[in-house]
Every structure is written in C-alpha cells, then in structure tokens.
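Structures for review follow.
Here come two complexes built around subunit A, the first alongside subunit B, the second alongside subunit C.
Coming up: the complex of A and B.
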C-alpha cells in the first residue's frame, strides 16, 4: 500500500494555471474523489499523478519518493479510462496478461493471477471473449481487473461510470467500492457526479477553477461546506441571509446562533439543506415560519416542495411523503437552529 | 433499380473492366507468330521464348527489386507520416496532408524531370538505383499515407495510454498495440506501393541508367520493333506476379479487420 502526497502541484498550459498549487495527502488505502465541474482541473490533476501530463511545478510523492520525473510506464499505476480503452484485438485474457508480461512475470504465475482477478471481478469464464463481445458493465470490470492485476501502487479512475446507464452505474459504485476495500489499494477517483463522490469516497476533494475549495469526508462536505460554491455544487441548498447581532442571526425561522468571528451588523449567508426543514399543518400550533406551497414533485420515497415565505423568499423542502400538502396550501416550516451552517458574509 | 437488372448492370461493368486483361491472357497462349485475337491455336511457345529471353528476365528482376525496396521504404516513411499527421500535427494538419499528397497532384512527367535535375545536381546521377528508388518512393508515398491515416482515424489514442500505464515503452506500444490495429491500412498501403512501383513508366524512364531497364520500359521498347505474343506472355506474367503478391500478403500477413 502506498501513501500519496501531492505538494503545491501546478499545471500551466500558458493561459493561466489549470491546476493552481494544490496539496493533498492521501493515506494508505484511502479512496479519494476529485469532484468538480468540467474544467476545474480534476482530470489534469489525475493525469499528472498518472504521468500523462508534466507538472509545471510541485511534487507528487509515492511513499515519500518524488515521481514527477518518472515516466508513466515506470510509475507503477493502474488506470481505468472513461471509455475503458480495452485493446480490441486481444481477448480478455490477453488484455489482462499485457501488464504482467511487461513486468516479465513467468507464464504460470500470469495464469494464476488472471484467474484470481477474473474471480474478483466476477468474470470467470470470460477469458476467451473479445472486448466487443462484452456488455458495457463487463468491459468496465475487465478494465478494473486489468488495472488491478499488475498490483500497482495506486489506482486511478477517470470518470469510469460516465458511459453506463443509471441503474448499472449504481451497481458499479458499490462494486468498485467493495473491490477497493478488499484490495486495500490507494485510489484516486475523478468525477463530476457528486452522488458518486459522496457514496464511494473516504474523502472528497472539491475543486473549482484549478484550486481546492474543500477537502473533507462526504458528510463534512455536505453538512459543513466551506463556501457558497461548494454548498451549491454538492446537493441542493437554500441560502438564508440575515444580519449578525451578538453572535445571533435572526431569520424567518427564528434566531440562529452562529459560531465563528462575525462582526455585528455583517450580513451572513447560511446554508440550509432542503431535508433539514420540516413541514407542519398551519394550525398545528408549533413554532415555524408560515409559507405557501408553490409546487411539489413526488418521486416515490420523497417529495420536493417549493415554498414561498411571508417575505417573498422561496425555499426548497424535501420530506418523506407521510403527510402530503397540495399546491396553494398554507403550511408552517420548521428549521432546527443547529441545521444552519454559516457560509460567510455577503460580498 | 430492380435486382436482376442491377446484377446485369454489374456484370457489364465487370466485363468492361476485365475484358482487356482476358484478351491479353488469352492472346499470350497464341501459337501463331503475331499478336492477334482470337489466337491461332494454343501453345506455351511464347512463354518459353520469354523465359529464355535474358533481357526480359533481367528487367523483371530489376523491377521486383525496385518494387520491394520502394515498398519497404515507402511503407515505413508513409506510416510514420500518417502517425504524425493523425496524432501530433495539430494546426499543421492540413499542410501536412497537402504536402503528402502533392506527388499525386503534379503530373508524373514533371516530377520525373525535376527528379532528374535533382539527382544530377546533388551528384547522385542515374548510374545506381538510388535516384530511381527515391522517385518511386515519392510517387507511392501518398498511397501508403492515405491508407494508414484512414485506419489511424479509428485508432483511439487511449489504447496507447492504457498500454503505457501498464508499463509498455514507446516501441512495445507501437509493436503490440498500434501496429496490429492499423495493420489493414499498412498492408493495403504497401500493396499499392508495390503494384504502382512495379507498373510505373515515366519516372523509371527518366531516372534509369544507361543499359538498365524495368519491365514496363523493356516491354515498351520491345513493342516498338516486335509484335509477337511474347509481349502478351510478359504482360500475363506480370499480372500473375502482382496478383500473387496481393494474395500471399493477404494470407501471410492477414488483412482481417478488427471491428471495434
């Protein structure tokens, strides 16, 4: 197992940095996702770790050894590409053997290792097939097996689920995560899909414009986002504004105590996730802000409401469909004070 | 177009294309003394004359040797050019393409004359085969280039990257991954190069040394003064030879295309 440490890594193609002095420490066996919109530098970062791109500045260390000047073929990485990049003229077995042959591993050991890895990705019996004879999900698993069979120092995945349909994608998420845990390999996963990053990763690195906006566990990223951009990129969010007075922000939902150093009178943005809100009938006598239901979307296990508060502000609420409200209904919205998260002052 | 009509239409086209070849082949078995059609009796007589004609045999050997050298050199340069064109040319792509295809656009006789000036001005002369082979490579290069770059277009660069990530160096990546996948284009291009080089007249005529001749030149020379079926026998042999090259390279090297 390998610890990867990225220090002040920068890539500049000549029009300003695509990756701007980022530092990440990846523990042995950790599953890290690089998450961000397209053009945020996540793929460039992955390519630099793999060695397909030179770093303009900074260091990439595998177990303390700087590999920036080590060529790809000597870097000992396992890489899964977005379109899998299986060799079309080779059978599954030959695809898997390729990396082992490059390492001059004896024939009988190659055979046992291929059998083992095929079992691991549940494709025993497929060794004589050509890639074009496999489904998308099977090709994906062959690509994973090909990257893992060489027992690399680090596994790199570049949006590997982007070409699969929705149901298969969810299955593969679980599959990849299980496999990674069993093998215990240090893994870097690039995606623009926040649900993928959240469900699979030990930690998520959120990137915008070549910089790291936040590094944290999925729940840290979701519940305590570092800024407005992160909050809005990861899941839905309501932004509630209010003035600070004596470490308290008064909102339509009542007073919210805020920790942190905010000057009195500053206007603060608070993040409030839709599922943190609770809807009650207007005459229930509970505390909450009165609101009118603008619209609702039912999706089986959940209902999404758009509500208009008395002051005209619109908030989104997500609840279980135990009690249903119709469009135009008056309701009470209750938001526990501890579910607000300060994102900083309004610029 | 209805189906039987279409079949007849195709047959007529084929007949039109193949009839001259059939005529030459049949005429070569003529037992008479003059090149006529239909033949007056059948015999192998003119083949024997041809095989015992040292001038023709030498011309065939020269032609084969030049075609083989041309195929190898043109194959290597054309493949390299196609690889550069598809993967690295960037903004220069169109320029590279036009430059590579230029020999096709110029009249062959102009290319031949300028090459003749060139080989003398650089001191090569025409007493060795170098100038001749340079000329043949020049006019066959576009065919290799077109064929290889066409099969490169369906080559996914990620295959090379994947091989690299698995530990393959530059040469291994080319030999084990890229070459097998662009092979149909390379072989197709090389076959073109061989056949065109074997067949070309103008360039060979300008760049040949004194007393040297290739098969087309020798044949032309012969037909100026003679009109025997020996010419048909020579032509038939050259047809069979080129077809043999196509069939053998298809069987040995394989033109099977990998579908992705």
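Coming up: the complex of A and C.
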C-alpha cells in the first residue's frame, strides 16, 4: 500500500495555471475523489499523478519518493479510462496479460493471476472474448481488472462511470468501492458527479478553477461546505440571508445562533439543505415559517417542494411523501437551528 | 409473399447508377477481353475466325513473357514495400503530429497527384537521365566518374512509381491511425509499456487495416502502371502493361495482347488474395 502526497502541484499551459499549487495527502488505502465541474483541473491533476502530463511545479510523492520525473510506464500505476481503452485487437485474456508481460511475469503466474482477477470482477469464462463482444458494464470491469491485475501502487480512475446508464452506474459504484476495500489499494477517482464522489469516497477534494475549495469526508463537504460554491455544487441548497447580532442571525425560521467571528451587523449567508426542513400543516400549532406550496415533484421515495415564504423568498424542501401537500396549500416550514451552516458574509 | 417490397427495392436503386456504370464500362469490356483472348490471330485483321487456346500456349511456352510477369511483380512488390516504409512515418506524423504542419504536410503529400502523369514522368527523365541533373551534379562534384544507371532500368521505374503512389499508401494509413483512440496508447503506457512497445503492440496492429488498403492500392496501381514504366524503362526494361500495349497497338495482335492482359490481372489478383488472407484481422469482423 502506498501513501501519496501531492505538494504545491501546479500545471500551467501558458494561459494561467490549470492547476494552481494544490496539496493533498492521500493515506494508504484511502479512496479519494477529485470532484468539480469540467475545467476545474481535476483531470489534469490525475494526469500529472499518472505521468501523462508534466508538472510545471510541485512534487508528487509515492511513499515519500518524488515521481515527478518518472515516466508513466515506470510509475507502477493502474489506470481506468473514461472510455475503458480496452485494446480492441486483443481478447480479454490478452488485455489482462499485457501489463504482466511488460513486467516479465512468468507465463503460468500470468495465467493464475488472470484467473484470480477475472473471478474478482465476476467475468470468469469471458477470457476469450474480444472487447466488442462485451457490454458496457463488462468492458468496465475488464478495464478495472486490467488495472488491478498488475498490483499497482495506486489506482487512478478517470470518470469511469460516465458512459454507463443510470442503473448500471449505481451498481458499479458499489462494485468498485467494494473491490477497492477488498484490495486495499490507494485510489484517486475523478468525477464531476457529486453523488458518485459522496457515495464512494473516504474523502472528497472539491476543486474550482484549478484550486482546492475544500477537502473533507463526504458528510463534512455536504453539511459544512467551505463556501457558497461548494455548497451549491454538492447537492441542492437554500441560501438564507440575515444580519448578525450578538452571535445570532434572525431568519424567517427563527433565531439561529452562529459560531465563528462575525461582526455585529454583518450580513451572513446560511446554507440550509432541503431535507433539513420539515413541512407541517398550517394549523398544527408548531413553530415555523408560514409558506405557500408553489409546486411539487414526486419521485417515489421523495417529494421536492418549492415554497414561497411570507416575505416572497423561495425555498426548496425535500421530504418523504408521508403527508402530501397540494400546490397552493398553506404550510408551516420548520427548520432546526442546528441545521443552518454559515457560508460567510455577503460580499 | 411475392409482392416486391419497396424496402428491398430501395438499396437496389441506390447502387444502380454505380452498378450500371461499372457494368457497361468495366464488366462488359472485361468479358470482351476474355473472349478476345481465345480468338485466332488474324492476318492483317485484329483477329481471325474461330477460337483457340494458342494465345495462352504462347504465353507459357515463351519464358520471355513469364519472366516479364515476374519482373512486373517484383517492381510491384518493391514499390509497395518502399512506399510502406517511407509512407508510414509520414502518415503517423499527419495523424498525430503537431497541427501546425498538418495542412502543409497534407498538401505536400497530395502534390504528386496534382501534376499530370506524363509531365511527372518526363520530369523524372530530366532528373535521372545519364545527362540528367543528378548524374551531372554528382560528376561535377567529382563523386562519380561516369553516370550512374538510374534510367532505363527497374530502379528508375521504382523511384518514379514510389513518387506517384506514395499518397495512396499514406492516406489510408493516416486515416487508420486517426481512427485509433489515443487513450489506447495511454493505457499501454500506464500498464508499463514504453513508447516504442506501445507503438509496436497497439498502434501498429491497429493501423493494419490502413496498411492493408494502402499496400493493395499501391501494388495494383504499380502492376497496371503504363506511362511511367514506358517513359523511364524505355525499350530495355518492359513491364507487362507496356508489353500488353505493344501487342495491341504496335503489332496489332489483339487476341495475344488480351491473353497477356488477363495473365497480368490473374497473377495480380492471386497475390492480392494471398495478401488479404495473410493480414486477416480476427478482432474486426
């Protein structure tokens, strides 16, 4: 197992840095996701870790050894590409054997290792097939097997699920995560899909414009986002504004105590996730802000409501469809004070 | 059941224009040549009455003609091989190189096709002749005593044919390489292959369809080339195409000329089929 340490890594193609002095320490066996919109530098970072791109500045250490000047083929990485990049002129077996042959592994060991890895990705019996004879999900698993069979120091995945349909994508999330845990390999996973990053990772690195906006566990990223950009990128969020007075922000939902150094009179932005809100019938007598249902979207397990508060502000609420409200209904919206998260003052 | 469905008629209509064109201007003349090759030689006329196998007998009994077929095939092989060796790196560069030179490179590759074949062949005689630019320059510098034999031999023909047919090798290979996903090479590198190994194990085999198409094109074109071999080979080195035209036009032996033409086509076709079999790609299908 390998610890990866990225220090002040920078990539500049000449039009300003695509990756701007980022530092990440990845523990042995950790699954880390680089999450961000396209152009945020996540793929460039992955390519630098793999060795496909030179770093303009900074260091990449595998177990303390700087690999910045080590060519791709000597870095001992396993990589899974977005389009799988299986060799179309080779059978599954030949694809899997390729990396082992490069390492001059004896023939019979190659055979046993291929059998083992095929079993691991549940493709035993497929070794004589050509890639074009496999479904997308099967190709994906061959690509994983090919990256893992060489027992690399680290596993790099570049949006590996982007080309799969929704159902298969969810299956593969679980599959890849389980496999990674069993093998215990240090993994860097690039994605623009926040749900993927959240469900699979030990920690998520959120990137914008070549910089790291936040590093944290999925729940840290979701519940305590570092700023407005992160909060909006990772899931839906209501932004509630209010003035600070005596470490308290008064909102339509009541007074919210805030920790942190905010001067009295400053206008704060508070993040409030849609599922943190509770909807109650208007005459229930509970505390809450009165609101009118503008619209609702039922998706089976959940209902999303758009509500208009008395002041005209619109909030989104996500609830279980136990009690349904119709469009135009008057409701009470209750938001527990501890579910507000300060994102900073309004600029 | 036997109502002609419009669905089946559609594709037929689409290929009809090309099929008619080929039928009238290729298949029918070819059949005419086949029939002609079995006719009796004529006295003062192109052919006489009746049919015979004698034209083929004459071909096989006279080693001169067999030798000419072998020479022609050799020129075809060498031209194809040299085009492949010279063309592949150019094709790779055009497909994968820096985009700034791509347009210029493309124009340069196509340039031999922009000049008429007769002019181009005369151009080569100016360069390759005993009093040509190459020999005079080399003699002038004192590098050689007498002129090098560059013309009126197979070498001159091959040089000129390579020049003309290079684009036919480069373009299919270029398009094959362009069709190879660059992430395949990246994947090979990530698995521990050097740049050279990744080229040898991934790019080269995947560009085989282009190599196959280019080789067949150049080989077939070389076998049937007439203007270049006749101008540069002169009277001393004759390829089959030149001999066929001699028989048809100079000595007016239509039946024998037809037999010669068919023997050239058949041997060429045999080699194309063998080559196709050798380079069959199981993974495509």
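Rule of thumb we're sticking to: the second predicted complex is superposed on the first by the 347 of 347 C-alpha atoms of A that agree within 3 Å, B and C clash if a C-alpha of one lies under 4 Å from a C-alpha of the other, contacts with A are read in each partner's own complex, and residues count from 1 in each chain.
To be clear about the criterion, contacts are C-beta pairs under 8 Å (C-beta built on N, C-alpha and C of every residue); 3 or more make two chains touch, one makes a residue touch a chain.
Every value quoted in this text rests on a predicted model; they were computed, and no experiment measured them.
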| item | value |
| --- | --- |
| Subunit C versus subunit B on the shared subunit A, clash or fit after superposition | clash |
| Touched partner set for A:146, first subunit B, second subunit C, both or neither | both |
| Residues of subunit A touched, compared between subunit B and subunit C (which is higher) | C |
| Touching partner for A:167 - first (subunit B), second (subunit C), both, neither | neither |
| Contacts of A:69 with subunit B and subunit C, given as first, second, both or neither | neither |
| Intersection of the subunit A residues that touch subunit B with those that touch subunit C | 50, 52, 72-74, 76-79, 81, 83, 85-89, 98-99, 102-103, 132, 146-147, 150 |
| Residues of subunit C defined as touching subunit A within the complex | 181, 183-184, 186-194, 197, 201-202, 205-206, 281, 283 |
| Subunit A residues within the subunit C interface of the complex | 50-52, 71-74, 76-79, 81-83, 85-90, 98-99, 102-103, 130, 132, 146-147, 150, 156 |
| Residue ranges of subunit A in contact with subunit B within the complex | 50, 52, 72-74, 76-79, 81, 83, 85-89, 98-99, 102-103, 132, 146-147, 150 |
| For the subunit B and subunit A complex, residues of the former touching the latter | 156, 158-159, 161-169, 172, 176-177, 180-181, 258-260 |
